[in-house]
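Chain IDs A, B, C, D and E follow the sequence of writing; residue 1 opens each chain.
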Amino acid sequence: MSEQFEPILVGFTCNWCSYRAADLAGTARVKYPPNIRLVRLMCSGRLDPAFVIKAFAEGADGVLITGCHPGECHYLEQNYKALRRYLLLRRTLEQMGVEPERLKLVWASAAEGVKLAHEISTMVEEVRALGPLDWPRWWNENGFHAVVEEQAQEVTA
Amino acid sequence: MAAQVFRSSDPNPNLRFLEEVSARTAGVSRLEMCIQCGTCGGSCPSSVDMDHTPRMLFALIRAGLREAALSSNTPWYCVSCYHCVVRCPQDVHIADVMYTLKSMAIQEKLYKEATAPDFSQTFVDMVETYGRSYEFGLATRHYLKHFPLRMPSMAPMGLGMLSKKRMDITPTRIEGMDQLKAILTRAKELEVV
Amino acid sequence: MKKQTEIEGKERIGVYVCHCGTNIAGIVDVEDVAAWAEKELGDRGVVITRDYKFMCSSLGQELIEKDIKEQGLTRVVVAACSPHLHEATFRKACENAGLNRYLCELVSIREQVSWVHTDKVAATAKAKAVVAGGVERVIHHEPLEALHVPIHPATMVVGGGIAGIQAAIEIADAGFPVYLVEREPSIGGHMAQFDKTFPTLDCAACILTPKMVTAGTHPNIKIFSYSEVTNVDGYVGNFTVTIRKKARYVNEELCTGCGICQEKCPAKVIDDIYEAGLGYRKGAYIPFPQAVPKFPVIDKANCVFFERGTCKACQKFCPTNAIDFDQEDEYVTVEVGNIILATGYDLFDPRQISQYGYGRLANVFTSMEFERLSNAAGPTNGEIVLRDGVTKPTSVGIIHCVGSRDRNYNNYCSVICCMQSLKFAHLVHERTGATVYNFYIDMRTAYKEYDEFYQRVLEEGTLFVRGKVAEVTDAARLSIEEGKLIIQVEDTLAGVQRRIPVDMVVLSAAMIPRHDAHDVAHLFGISCSANGWFIEKHPKLDPVATMTEGIFIAGCVQGPKDIPSSVAQGAAASARVLGRIQQGEIALEPVRATVDQSICSGCRICNNLCPFNAILFHEDRMVSEINAALCQGCGTCIAACPAGAITGTGFSNEQIFAQIEGLMRVNFQHEKMTELA
Amino acid sequence: MSTNGKPKFAMYWAASCGGCEIAVLNTGEKILDVDANFEVVFWPVAMDAKYKDVEAMPDGSILLTLFNGGIRNQENEEIAHLLRRKSQILVAFGSCACEGCIPGLANLSSTEQIFKAVYDSVTSENAQNYRPQFHTTMPEGDIHIPKFYPVLRTLDQVVDVDYYLPGCPPESHQIAAVIDLVIQVLNGQASLPLKGAVIGAGQSTVCDDCPRQRNVKTIKAFRRIHEVEELDPELCLLEQGIPCNGPATRNGCGALCPKAGAQCIGCYGPANGVVDYGARLISAFASVIDSNDPEEIEQILDQIPDPAGQFYRFNLAGSLLRAGKPAWKQ
Amino acid sequence: MKKYIFYPGCAMDTSAKAYNESMQAVLAPLGLDFEEVHDWNCCGATEYLGISTVPAYALISRNLALAARQTNGDRTVVASCSACYLNLAKADYYMAERPSLGELVNVALAEGGLDYTPGTLEIRHLLDIIINEVGLDAVKERVTHPLKGLRVAPYLGCMVPRPDYKKRWSDYEYPNELDRLLKALGAEVIDFPLKTHCCGGHMTQISPTTAFELIRRLISSADHHKADVMVTVCPMCQLNLDAYQNETNQYFHTNYKMPILFFTQLIGLAFGIEAKKLGLGRELVSAREALSRIGVEVPQEEPEVKPRRKKPTGLPMPKMPVNEEKTL
């Protein structure tokens, strides 16, 4: 396909800062690419690494985690827990073959609509450059067999 | 890390001048953060001799008045005392910006008075030749060219320096001159312009 | 281990797509989204989809209500604007139709789709994905009930400055009990130290002391002065607070406040608090004549008896036998429903800015020192003189932004310094006739009557120099500089460096958070910004509440501000508290975490993750438990529990997983294929 | 084979090490109860049997099949389907069948990497660099050996599974208890648990059985056991910086490893309802790291040199991602 | 003996010979062992940076690369000259702050078979080493001839306390390190308000009148405070204040005779080391008269001129209500 690859990103946002930043970007009509889909959490501390893994397993090409700036967490210090999990998760995913650039952590306050839009645009381009991740749809009947077939083709080719 | 550069669709390319100065400055200049408070101009020991106080110079840069900024004598009067740098409430790397402006002024031959650029160039020539500074050579060459009238009043000092063995008549040359030359030649090629 | 979507969809779901006029419909093909949802999400339980011009209108809401009643909907998804705008609206509509309000999900296709994207096809695809996410999520919603917590009618106000006094009086006047806790021997705060207040120049004491007396004599206010809060337990509506009453060595029952002990006390020490280090007080002292309460304090560290074992002059002369050297610190526990923190600010120590010479050059003063110098009740009886105590200055330089608006110290603006410096300029003029210079970066005189005051000071002949002062030195270069303090500055409007010799320099020092702000924030379970100011719930719309229910803030503890703003915040906080008290109980959003104790093995990973101390560990049963009233619902413990024993309402794992699945149901390839077809 | 009226029993060994079979033997005299109550119709490791004999049985004629091992190749898959058809109750027996276990860790590698490790390592003599040929044409005709799949799957990723009996291997006393239960069911003294249940294990995690003292956790450093000078015998291993997987691992083993002073490595798999075992550990360990400074956190994390191995040792094939990219994208 | 790599800089062999001689004389008593960076080159002073960037940093970094190669465990490089100290520290700091600069410099260094990773070395000034590594207690122990009665103006100049990338000094404007050292030597230290103000730097060469004014400010302030000598830690400061004092006097029609000495010379005197070994006598403004007050005889004859004293004009200092001990 000669057409441009359109990655899909899942973004996890904090109810108090980055979700509001996304709202603000909307109110201010700041434009960013439609490749991201946001999930609202109460806090970046709610971010379970399984959510990120789930998103990749469902076919996301990138995941953006956002939270309040250090020291500004609405629940005092939970964003630091998100930071720690993100750092460990990124290492683990790298071992599984997920490029570290596909998982990003960005701090964005409720006032930083423009910044959030900018970060989303940047990440969409970065992931576009990496190409599709295209994790096999294991849960699908044909997910496994698609892999087997693809590899069989490789062998014959 | 390069200072953050905002590429907006500005109609006046001169506004990029600030970005250019920033990009050519070692370290992160933070020049765009200036709030025009005048701490630098107030702190400067040689501001009376300057065409513009440092603060005004930054305003010229911000306004994109390239020629006015580069032909200002202000950077040449900077004595690198770093008072403005540590006092600046916005943490602008003022002294290093001054170095940048000097080198840009030399490159574009926009300086008004040649004494200071010549002195720097002579000094650098000595270093590039010997690997060390050579005060006697520097002083004689420099004074003859720029301050011939000052020579008589300087003479006792010069003699004193010589008699007290505080100035060598012959230069010292380092062993690794070839190595140094190779490094500097390559470095000049790499100089971002 | 099964995929979520394999779980049979038993719910009857209604999907409502809002046009929002053209706000959404202009970019998103809303009819297509609705049609798609009906067709593609039918197997997920979607039984009805509608698009409508304005879902939030009463007609739009009625549409939903009608469908719930007639179609027997068990779940509702509205695709419209941000949940922060209309979540409550649609929840209410569900409730009106007899559906639990939490079985409704509002997904944003305006702020997060139509307003930020330009490609109609891609935006429509994304809107479908967002709707699918909402549908998958709502299947896992549970009917919830708001948590109702009773509110204890008593309130604690911490900090007896003007903000705290105002808050206490308002609540007490409404008929509810207040405990006012003050660290110093008297309430009054910084305002008690001032002479005049800008811009009206009314005397601080004249307007403050009546309020202090009101607070001191109010039947509903109990003042704990010379006291500190040491422990806070409980949660909104039911706090248990422990107060340490420091030993005064004076029996408050017997003391009449006559002041003889102070008079007789032989120990004389510099008063760093009330006199800002510019005057003296006794070892036994009442900080100032109008102090409330009137009882003196014997300062143990500076008492001759405590130092050497003899003296007791105060005891000998006390007419009521009130001196009690055996007194000990007393711990008092009180129950309150709400807490207002009004603990104020500290003054920046300008010694850190060595080029201004404070502490080295005698005639450099801080703003607080100048307040005492100009105060008729101060150490010089209001005479503005140099450090020698006698010489009147003939020229005074007032420097703004000392430690403010400076990344080397504090990068915020301290708000009051401009007006305060103008006030100083006026007072110097009035009292000494000296030449006054004001050195400023920007003149900030916003608010009522402030700029008029600036005009007045200009008229009086104060000289203004726009420039941040570079240094204050005593190193003279010219004979006219000899013996003077020279202020070196760039006059940025003239574009030249100036050296201005003056006799006296006043530094308008920054307001900074209390030195122990972080400890206090931790004690009450609220948060500080990076600078150390307490963080309000919303900077614009909820400025006196905090993220912790039941804890409110007022005055400078939230950020630098002047007296009118502090008073307004004190009143605002009390209004919030009174509303709570009058309702008798508070309904809390049921977004909470709970521990399944049959799965919890007591590994204690979660135990110190909660900043609100909502997680308790039962040593006997070796399980952790979450106190629902303390839990704020952030979900950090849910995400951290290695056994998956903690679950959360409103944002459960199932809900999020399902939403991700839904979001990923649509991809751009699909969209292109349908386009081709 | 006799048809003595007793219910039929089968046990099969797919991609696994054989430890599960040993564990069954380790139940001791309990094995006699199996014999007394069941007719063993298919158990390749214990008796001679042919696949065609099983194929010949009517569908659903085997009451209970214990299936151990993951699905690595075509043969594993075919037999899984066969036994599913023939069995009334199919139990994923042991960690390999339940969640992939150690063989599942090969899912981090490509087929070629796996073959290289098997056929080219120092322990194999293979100068000619032979590789298995799945399809060979001989004068006598075509010969096939079962296809090797790029990714190992768990049993329930291939066929419907009735119960899970975790452990590597399952503890013998737990096996014995399950045998007892089934016999009781046969005698009408008990009823079967709900389909999909985990049997022969606890409902909580290893910490529940671990006698070590536990406190509030903050971790400044992760260390391996031999790096700890003096291990506190009473204190929680995780608190001593040893990455113990106990908090996330289903109990049932009786906390054998932590009791013996070694960290739990997680062989009993996740607790009930957990979607991704590794994610639980990543989240739990990271949450209690005692630092807010990204650089310092990275330094602490450097002390877990192989995160995927640490968190997914037994669960990779059963995790959400199932396999590393090299395995499926070669 | 504590061993350090030492970067002397060009002036130590020429104009600041006295600094070098006195430093060498006090090293052993201070328990210091300096190993010179082999075949070091000029740091470019304040000149090269105004001509170009990459070459200027490459020039400095050759020294860093050589020093890093020479280190044996200890990562500290000691510089005695302020400009050298700052340039070395600046290169190390900026190459880390802006990695692209570090990369370019390393490409250039590679031409000479060298490389330098920013952050490898700790760049410290000699005074810092004496205060923080040797320690004032150790210095005091060695003092045999306290400089009692000598009024000293401690003068640090600019580039030691500023910009101070690694926060090694007590203050940018009023650092107390030199004061403390001189007090430990028994000298009477004046509270010199201009202790970190500029000596004129290279202005003596390119705009003499600018420089003369700066020199005048310093000397007149020291004189105003009745200092017998000014003490410096930098070859350039010493050169400007000493060698150009006469010209400055001519320009302003003044007659200051303020001797300018290196701090190492005073350490040597307090340790009882012979004046000649400390390079005394090399100063152009004679320190003879000043040092005779503490019984030190300065070799080499110079026509004596009595220093002119101005009458004090300043008002007496009012007493501070808070007599807080300054952290000196």
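The rule is short, and it goes like this: a contact is a pair of C-beta atoms (placed from the backbone, for glycine too) under 8 Å apart; a residue touches a chain by one contact, two chains touch by 3 or more.
These figures come from a predicted structure and were not determined experimentally.
Minimum number of contact steps separating chain B from chain D: 2. Touching chain C and chain D at once are the following chains: A.
Here the largest set of C-beta contact pairs joins the chains B-E. In whole angstrom, the spacing between the mean C-alpha positions of chain B and chain E is 22.
Distance between chain A and chain E, defined via averaged C-alpha coordinates, is recorded as 56 Å. Separating the centre of chain A from that of chain C, both taken as means of CA atoms, is a distance of 33 Å.
One finds 72 Å separating the Cα centroids of chain D and chain E.
Counting only residues that touch two or more partner chains, chain B has 83, 86-87. The set of chain A residues touching two or more other chains comprises 48-50, 54, 70, 77, 81, 85.
The set of chain D residues touching two or more other chains comprises 275, 280, 283, 287. Pairs of chains in mutual contact: A-C, A-D, B-C, B-E, C-D, C-E.
Residues 171-174, 191, 193-194, 217, 220-221, 224, 313-315, 317-322, 324, 326 of chain E touch chain C in their complex.
Those residues of chain A that touch chain C in the complex are listed here as 6, 8, 10, 19-20, 22-23, 25-27, 29-35, 37-43, 45-51, 54-55, 58-60, 69-78, 81, 85, 117, 139. Across the complex, chain C is touched by residues 156, 203-208, 214-218, 236, 238, 246-248, 251, 270-275, 280-281, 283-284, 287-288, 318 of chain D.
Note for the complex: chain C touches chain E at residues 270, 277-278, 354-355, 359-360, 362-363, 386-389, 471, 473-477, 479, 482-483. Residues of chain C that touch chain D in their complex: 1, 598-609, 617, 622, 636, 639-645, 653, 657.
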